[in-house]
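As written, the chain order gives the labels A, B and C, with residue 1 at the start of each chain.
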Amino acid sequence: MKRRQQGILTGMPFMANVAPRTFVDDTGRKIYLAKTPKRVVSLAPSITEILFAIGAGDSVVGVTEFCDYPPEALTKTQVGDSRPNLEAILALEPDLVLAMEVIRDDVLKTLQQLKIPLFILEAKSLEHVYAHIRTLGRMLDRVQEANALAHSMRQDIQAIGDRTSSLPKPRVLYVLYSQPFITVGPGSFIHQLLEFAGGDNIAKDVGQAYPRLSMEVVMQKDPEILLFPSMGGKGSPESDRDQWTRWDTMTAVKNDRLYFVPWALISRPGPRLVQGLAALAKVIHPEKFQGN
Amino acid sequence: MKKTSGQPLAFDVRELSFRYDLSPERSWAFRNLQCSIETGTIVGVIGPNGSGKTSLLKLLMGLLRPESGAVHLFGQDLRTLSPAKIAQQIAFVPQETSQVFPFTLGELVLMGRYPFHQPFDGWGWDSSDDVNRASQAMKDLEIESLADRMMSDVSGGERQRAMIARALTQDPQILLLDEPTAFLDLYHQLDIARKLRRLNHDRGLTVVMVSHDLNLASQCCDQLLLLHQGEIVKRGCPHEVIRPEILEPVYRCEIIVDQHPRSNAPRVSLPV
Amino acid sequence: MSTHTSNQQVDALQLHNVETKGGTIACLSAIRWLTSLSVLGLFSVLIGVGCLTVGAQPISFETVLQIVGMVLQEGRVDHESAGVSGVILLQVRFPRIVLAFLVGGSLAAVGVGLQALLRNPLAEPYVLGISSGAAFGATLGILFGIGGTVMGLSALPVWAFLGGLLSILVVYRISVTYRMLSVHTLLLAGVILNALFSALIMFAISIADPSRAFKMMMWLMGTLNAPEYSTLLWLGVFLGVGVFLLFWLARPLNILTMGEETARALGVEIERVKKLIFVVAALMTGAVVSIAGLIGFVGMVVPHTVRMIVGADHRLLLPASTLVGGMFLMVADTVARTVLAPTELPVGVVTALVGGPIFLYLLMKRRAGVAL
């Protein structure tokens, strides 16, 4: 999948106009868009944010219940939650449906049967996110805005990374859930953010993106900072931060470095990842990012 | 027959009314039933199917509760007695049992001692006295060699003898039996009948027995209760009850009654 | 006929078989009981210690001994000298092993009790509908995002337990009429509640956002997070009382399996016994599910298997099953937390994968026709 993406994303704008309007998504699915889509349904908050950020907000006709940013998104028709309502989608007569890979099978099949173009995105890394922005820009005839956004995102992220690269990296543990205990590892873009923010993710040697890590290994690695996704908003998970204070031999607990980070800014593979990264950097390296 | 006058009645049933279903439309199994059974007698309960024989036994035992009226056991109202107290005095041999778990026959017979391990001995070990009684009972019923077998592994007759052995292990004063010889071969039918008479004679054991086998009842029992649709149609000694004019309307068929060649007890046969 | 001797005191040195004029009855004697349980108890300790030496983080046997010695000598552990291994052993591994033992033992004991109550060797703790009630409580807790702690316990188990309690009340109310507990109705009520709560759980999963839905599904698969010692204490006392009550009912349970009528005829207070078993089993199941999620197989396979080996007498079957259940879950949990190190498997997966084949093997070994 990655190789096909590379083919599309050589970053040469004129190719979009010359080449046939065929796009390949992250699952290998090919779609052909005869015209620029004017009725787009977004089935993920991150996609919605990207669409608005590249100026294609007017083309958006349908969003999910969790699409709360930007505020204009709230005015759009909601087609349901994480498992979208097929009828609501069809009622909007979309000419393009964008989804993340968790889409339901029956939704998938029906959309295919009705020949509605469906494009599925998988965000396994930051590179994927930049690529998505660019692809969406080409699809919706917002190439300049998209490229600019992707470029500035990459630069901002790299800038923060540069500032932290020379700093000593504290050991970090990101607690996705407490019960059961699940964290992030390579394969998750959150892991990349942690690294860019100047942290040393103690799960970096585990082969899974969202591993159930053994508590013994955590104690052995002795993280210096514990990060918890924060409460608030419909889509954010709960934290059990208070439960972790019992591990009083852990450096993070001894120094009281248990922080909340805004879930929406970190978990959505979209333009606001930069802000999420900034928030992470602020708690991991407060001395470097004061008032930034 | 041992007459034990002066002793309280084994059972005194007064104005007993009972039905299975408590909803108003259901008919009564028994209505204002009156009957008494003297201590030390062997009583046979006979009658056609559906007449309530087994229900009567269960009511005597307290396994079923009457809607009105009472059963008095040795002068005490059954309702005032705990199940354990009742079980210490009465042993019940059901018609058949099923077994879901792999208890051995020996363990089953030993369960007969449970009523005597109250109230704190929910745990308790079986004392040597318990085991002796159980062993003796099994020996008397000639099933001691089956002590380690499962119920499902033995024949119907052996199962029934195990149930009787358990009842004897309870060392009761009253024995209630529901069709005790139904699955037994001739040898064991005779054996059981003789044992019951001997127990009654030697120890004054009161026996109430439901039986389809009119001849057995006639030979064993001192008294017979003829039940028909929940009523005691006739009560008396076998000679009084086993007569064609009494039995035929109840059983609704022709019955021939003559005399047993040895005991002179009335003998029933059918004109096929 | 034998003379009517009074009930003699229990002779603790009773021999296995009693000879009486040529007949013998094999029954449970104190010696056999003591021997069997001592052996099982010893095994439990050995396995527990064995599990202590195995984990995601390799800790040498000498270190384990060292730290154990330290604890035994001084009563507590000096964090600096014990180091990380000490913390791992004492804060992570040991409490978790103890929890596994408590949970496994309780599930097995409840399984035995329910199999007797329902006169069905296939019964197990989840048949009453309590577990799905507790699971639903937990699901609601995750859905509404309740965090924080309640009395040192995180709120989620509390929600789960409340769900379980609700289930208990409903099932009890349905099954008891005229102060009599109908076992038949109990079973049906349990089935219906399971179906109802399962549907509600699936509904909750479907309307939750993906991360919460994922969390719900993970919780349902069963997990033994290392508990705090205070939690262990509470749980231990609660479950211990329950198990003790079940043990106390061992003899009536024996007789109850013959049928309610027979049991009553032998002097068992069946209504009291039935209700007590139900309440104890339900509360224990609720507590276990609240802490550990749904861990299957232990409650059915362990009683079955142990019964095949030691017989149906509950005086031995109950404590033996409890110990074996505890051992089984200790081992299963050790596998769950080690085999994919540094990540972990849900323990419910391991119990099924380990328990299933063992049970099949035993089934095939026994000759056909033996009542299980």
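Everything below uses one rule, namely that contacts are C-beta pairs under 8 Å (C-beta built on N, C-alpha and C of every residue); 3 or more make two chains touch, one makes a residue touch a chain.
Only a predicted model underlies this, so the values are computations on that prediction, with no experimental measurement involved.
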*Which of the chain pairs holds the record for C-beta pairs in contact?*
B-C
*Using C-alpha centroids, which chain lies at the maximum separation from subunit B?*
A
*Any idea how many Å lie between the Cα centroids of subunit B and subunit C?*
42
*What is the distance, in whole Å, between the centres of subunit A and subunit B, each centre taken as the mean of its C-alpha atoms?*
80
*Within their complex, state which residues of subunit A touch subunit C.*
66, 81-83, 102, 176-182, 203, 205-206, 208, 211-217, 219-220, 222, 231, 234-243, 246-247, 249, 267
*Where on subunit B is subunit C touching in the complex?*
58, 61-63, 82-88, 90-92, 94, 97-104, 106-112, 114-118, 121-129, 131-136, 138-139, 144-145, 147-148, 150-153, 170-171, 202-203
*asked:* Touching residues of subunit C toward subunit A in the complex: what are they?
replied: 55-57, 79, 84, 87-88, 91-93, 142, 145-149, 154, 156, 206-213, 215, 218-219, 223, 225-226, 228, 337, 341-346
_subunit B-facing residues of subunit C, complex_ = 1-2, 4-5, 7-11, 14, 18, 20-30, 115-116, 119-121, 247-252, 254-255, 257-259, 261-262, 264-270, 307-308, 311-313, 315, 369-372
